[in-house]
């Protein structure tokens, strides 16, 4: 599959920074500290396109997703949606905007109000945006339920009466109720079982095909992301370390961290047991309270040099639509070509 | 703690004051007397009348001797003064003091002590709280209080020698000797040394010329007076130690029943409870009128509907005193038809009854005459009261109100308020209460005292020239029968015009632990028993007539920790 | 490891039934589990959420929470009949002879005790080890699971450690008394892939070096493929299939196993945007039904499947399945 | 395209067309036998309170001084008090007064406190700082002093007492509401509502309130006996319910000393309060559970 | 720590300043003054003398400033109720009594309630649970402490003669008041303990503790109780100032010369200096308890940081 030609951008994010002020650790003595949740993120997304966002837990994926919808106030940066800078919008315009961009959360049950029935949950967006006259709301709710493959009698039940997969369907139905053009999918399947996961992913794919939605697809399962995305961005500690078209990235991951991610994915094939490789990283993710200077990955990077400790690498193009932030990207690919859909092994056997 | 049950008798032995204990008395070590005091609503600032009257702590007025004292029949008997006479022009009184009464600091009690004390009382800086008592009595006293003349120019002087005291009066005033019950002097020397009378609340600086001296002063818990071993005076008691237990409220009865206190003033409810207890059920109940307290309902006679005398009379005739007393107060009250309790000087009862007897028909008729037939058109009136357990006020006012409302069809609503607010609003000029339930007790044993409450410009706003005139006449009259006549007229007038409805005269009920014995508890001329007003202190002779007997039976007397 | 077992399995579970008596219904969480573990063997238990994996593990330690109870079956651990043991003996087994690594390390440590205190507790309870001894052993254990600077880190409270570190602590804690059987109940679900890989490597090392028997509960087939010797596939409280790992992936016999394998997204697969899913949902296990529990979702189901419960039957060496119509060939598995 | 049809999770009850949160809550409440019985008794108490004039054999003030403190008889089923008033009637009228205050005052407190607490919990920042200081100021002002002033200014009566106790009870509600909203405001379902563009007021009241209301109900129920005794405490100081109106707390005050004289006078109001406390707290617990769809 | 304490202290000061101003205005607005007499109102000149003597003739703001100034010099004034003592002296004398009774009450009621709540939770859904939670805690809540006090005295003092009917100074004087005072907090404590214990009984880490073969006793004490304590600190902590300032009912009934009564009587007597001092006491106690329970919280629950995350 080739890279889709660059379409008119639906969403552009430039230099997004989100910091949280927290009171520092320590039982009684504390200083004010700052969590560098997102630290300068750029990407763009067109209609009918999916951008996958991967990275370890806590690297700022959700924060990115939320701030794109202005659910978190960005500390800095510009977000343009349909060509308009969100920061300039008034309250009313913002409310209108919510009709066109929606989010599906990681925790399917937690994102549904436990005290509301499914009927109430799905009517809520209709009511808030006056989308459908009252008389037809019930009908529309049924439509939505059918759309995500839920039975009609679900309306009178509460979220906890459903399984995780069903809750995720409800959440998706609710997001779709406002007929958005853009959906942030914040780890929509991480909490689900493989068999259910496939159902949801299929649903999302079908919906995109039918409705032409754009997705910001957040996950950390590279296999899933590989199936869903047109482009993929890899985040580490609040920064995008690599962003590329899906095939390019999967064929030739440049950043040592991306490589580590690939080699850590368990392969459901006992015949292909992985030998411990140099690319499997050790150590823990540093705290986002005090990100390391220079390259943020240098504390765990097998290639780290003195330069990495002091100089922060910037995203640089290494090929068509493929950008990496690593001083030794070339060397990394040369030494350790870990890509998974290399031409030699790609395709089914 | 622990129970002490003396086995041997103390008869014939001497106590710490050197008094030979009478037959049947307990040993000297048990000659103490524990009295309870409720400190709620009180402020304990002094132990001396002339330091403060309303903020006197329990067991006050034991350190000095007034000019005159009262016996249990309320008769004036010599105190520090052995005799007294009015001057020929009736403008002054002369008192002759006993010789040889010594202060504990070694000085002798003389006229100077009285003079300095009274001058001190008039001093504006001292801000004594009882100045009204001598105002208009002692010459120039009022002016001194207002700061118009120096305090030492008031009409109290040493007479021909240091044992003679002269009190010059504003005019001819007959009752000065009675009033002189309130002459418990401070020591002139101590006053000079300490600048105020509070030297007496410190055991170290206490100067006394009475049989007791201060051993402990803790106004939040206990006050103890021990024997004044230097006492040279004539009034030596068998009980040489007094303990005042101070309680911030709470039920006194269990304290009495468990032997923590030797005496208790009972409420009507206490009696009912005590009757169920094997220890107290057969105990003799002592009763006396003490300060002759009258409980009455007053009206704001300047405002409708109570500016109409017929309305007031209607209410007055609609009080079933007998029923109220029988079920709520018995035996601690007698029905009141007038201001003065029978037994109080010049009190009458029969002439008043026709004007205020229980007669619902008449009451209804009067109300109709007043323009409110069956209560129609009668405005809603608030009847204010404050709670008092001794007079069972909450029940009494409810009984009154219900009867008025039911019989007369009027609309009287009860409102309880706290005592301070109550009096603040009642005493405002003009008063802020249309109707309220209050007591009044005497300050001194003469009709002029109690009756003056209804003088124009007095406590209430009932202004009646005729009444004022009668009182003025009565005060100046020294002939007893004539005075009686005048005061009878005044009482009839007061009851008839009904600025107040008089409900009951309070009788104070006391239990004494069975080992408290002595003549002081016996019946007086009026048939009342128990320690009579003014109580167990230097202004009364009951002091010498009480002792602790050894027949403690099974009573669990607990010696206070302070004495152990 | 001294082998007083004489070749018998370390753990042998036969026909285990566990049910929960709720107010208005009964949950038949485990309906005839057969499982055996030999020393040095890693047995993977897979199955969807709710298929009875955790309850099985709890039964082995005799820790089924009330109102659950073991209604039938036999659990023999190191020659002892677990169901018949007195509680005091059971306490000696738990923690000392069977170690448990739970799913969520964050909620599985007492938040008000330091890491060290947790170790102290177990060491003194089972090995009578106190004071300096216990401290040294704790340091040693923590070092062995790769906690840097263990002597200071052990004074920390659980919330001060990252998820990966906590899971290492949990492993060290499970290993503290040198157990013979290690049960890991979804030990990495809460963790990142990179950390997950580290933890699983650690797990492999431990089993290899200490000749432990291990049960690895998961629903990630990738993990099973990489870290187990044998697999038990559970569905609705029953064993659907059990086989050596290579066997199972090469020749899945049960349609459910097959379906499960097809569901797993593969990193190496081309982007097809078609997701294989097993249609429908797992059944509620609130009633005992005759017939194969997978039948309603199975495209191969026949009437026989719906009315008669298939027994678990050997179809090859160490390969058994409970299916009337086992899958014969492997063409369908997409690799 | 084939969307997999999820089979319905086997429900605990047959689905009704479109039952709401409240329907479901009522259903769950009915299932809780203890709560149901308590609820019925609680309603009975309230009914007795409301219908006191119809139920009581005598008026609350009707007295007969000649029948003071009689034991139970046919005329007076539970006997009479000191003023010869029928105790049963007074207990019945007492229900009216006590329930009015005990429910009214927390209600007023809740109406004042909950919005303030919500505001400070939801908005935080400066508003929160000042409301918290306000809580503190309020806890430090002696109640008696306030009561004295208010009664001097406005007089006393059931309604005024109710208002006064309510006004002083707001702090508890505000604290509780604040804590609840702080705990809930960052939950995913709230963020989800924001993402949908749900207006703030609707998030606060429609989305969060149902989750926050449980502890408030329990607190409310706890306030019932507390309020009765607070009112009784004021009666002790003469600042409470005015005679001759009957009120349980006041009846306890008046009756406690009669324990040895007339057991009924002392015990009846205590029994009434205990019963009310018990039933209301069970009913409250049941209500809290019923309002939580996830509870079993 | 220092910074935290300083901040708390400063806000406390602010609150105290506002509160005392408010109190000043309030108490002067209440009708009646400290020196009003009941029998007869004092004549104006006499009253004027008294007001001048106590500085009550000055405008209120002046009086406030005077008071504040004196306070800064450590002078709380003279209580009108006990003019022979200083306010500070009165408090120094009365408060220890209240504190002792309060401390015993806290120990008895908290420990008793804790045990009861725990037992109830551990015997969840048995008759023991029912008796402990419903019966005992309802009685505790439905019986006001003055009724309890009256009952205790009637039985143990008057009837049986075992214990004193009030008083202060001997150890046995403590028994009845503490019991009477404890009942209500004990009932509350039992309720809360039960609830929070039940909550943690089923927590993951408790199950894990069992899975490590720890004894039930250890589980109960170190796992269940320790964590169950955490919510209790926030719930029962704020109750401590109430208990440590005593109760007029308990003190009156048991003749304890403590501080509790003054909270009521000072208002009833318009004892301005005392009212203000008591308000200060409450404020300081409150502030201290708040800080202490915050700190206790961080000690018992190492996860907690003071003031948490701010957003």
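Going by the order they are written in, the chains are A, B, C, D and E; count residues from 1 in each one.
The rule is simple: a contact is a pair of C-beta atoms (placed from the backbone, for glycine too) under 8 Å apart; a residue touches a chain by one contact, two chains touch by 3 or more.
Labels paired with UniProt names: A, C = Oligopeptide/dipeptide ABC transporter ATP-binding protein; D = Oligopeptide transport system permease protein OppC.
Owing to the predicted nature of the structure, the values given are computational and were not obtained by experimental measurement.
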Shared chain contacts [subunit B and subunit D, defined touch]:
E
Chain separated most widely from subunit A, comparing mean CA positions:
B
Any chance you could check whether D-E or B-E wins on number of contacting C-beta pairs?
B-E
Of the chains shown, whose Cα centre falls closest to the middle of all protein Cα atoms?
E
With chain centres taken as the means of their Cα atoms, state the distance from subunit B to subunit E in Å.
39
Between the Cα centroids of subunit C and subunit E the separation in whole angstrom comes to 53
The distance between the C-alpha centres of subunit A and subunit D, rounded to whole Å, is 48
Where the centres are mean C-alpha positions, what is the separation of subunit A from subunit C, in Å?
31
Indicate the residues of subunit D shared as contacts by at least two other chains.
4-7, 9, 12, 148, 152, 237, 257, 260
Multi-chain contact residues (two or more partners), subunit E:
30-31, 150, 154, 268, 302, 310-311
Multi-chain contacts only, two chains or more: what residues does subunit B have there?
251, 277, 418, 421
Tell me, which parts of subunit E touch subunit C in their complex?
202-205, 207-215, 218, 222-223, 226-227, 230, 300-303
Which residues of subunit D touch subunit B in the complex?
61-63, 65-66, 68-69, 82-84, 148, 151-152, 155-156, 237-239, 242-244, 254, 257-258, 260-261
Touch list for subunit B against partner subunit E, complex:
1, 40-41, 43-46, 54-55, 57, 124-129, 131-132, 135, 142, 145-147, 198, 201, 217-221, 245-251, 254-255, 257-258, 260, 277, 418-421, 423-425, 427, 440-441, 443, 453, 458-459, 556, 558, 561
The answer for subunit B against subunit D in the complex is residues 251, 269, 272-273, 276-277, 320, 323-324, 326-328, 382, 386-387, 394-395, 397-399, 401-402, 405, 413-418, 421
Complex interface listing, subunit C residues touching subunit E
61, 63, 65, 91-96, 100, 102, 104, 107-113, 121-122, 125-126, 157, 159-160, 173
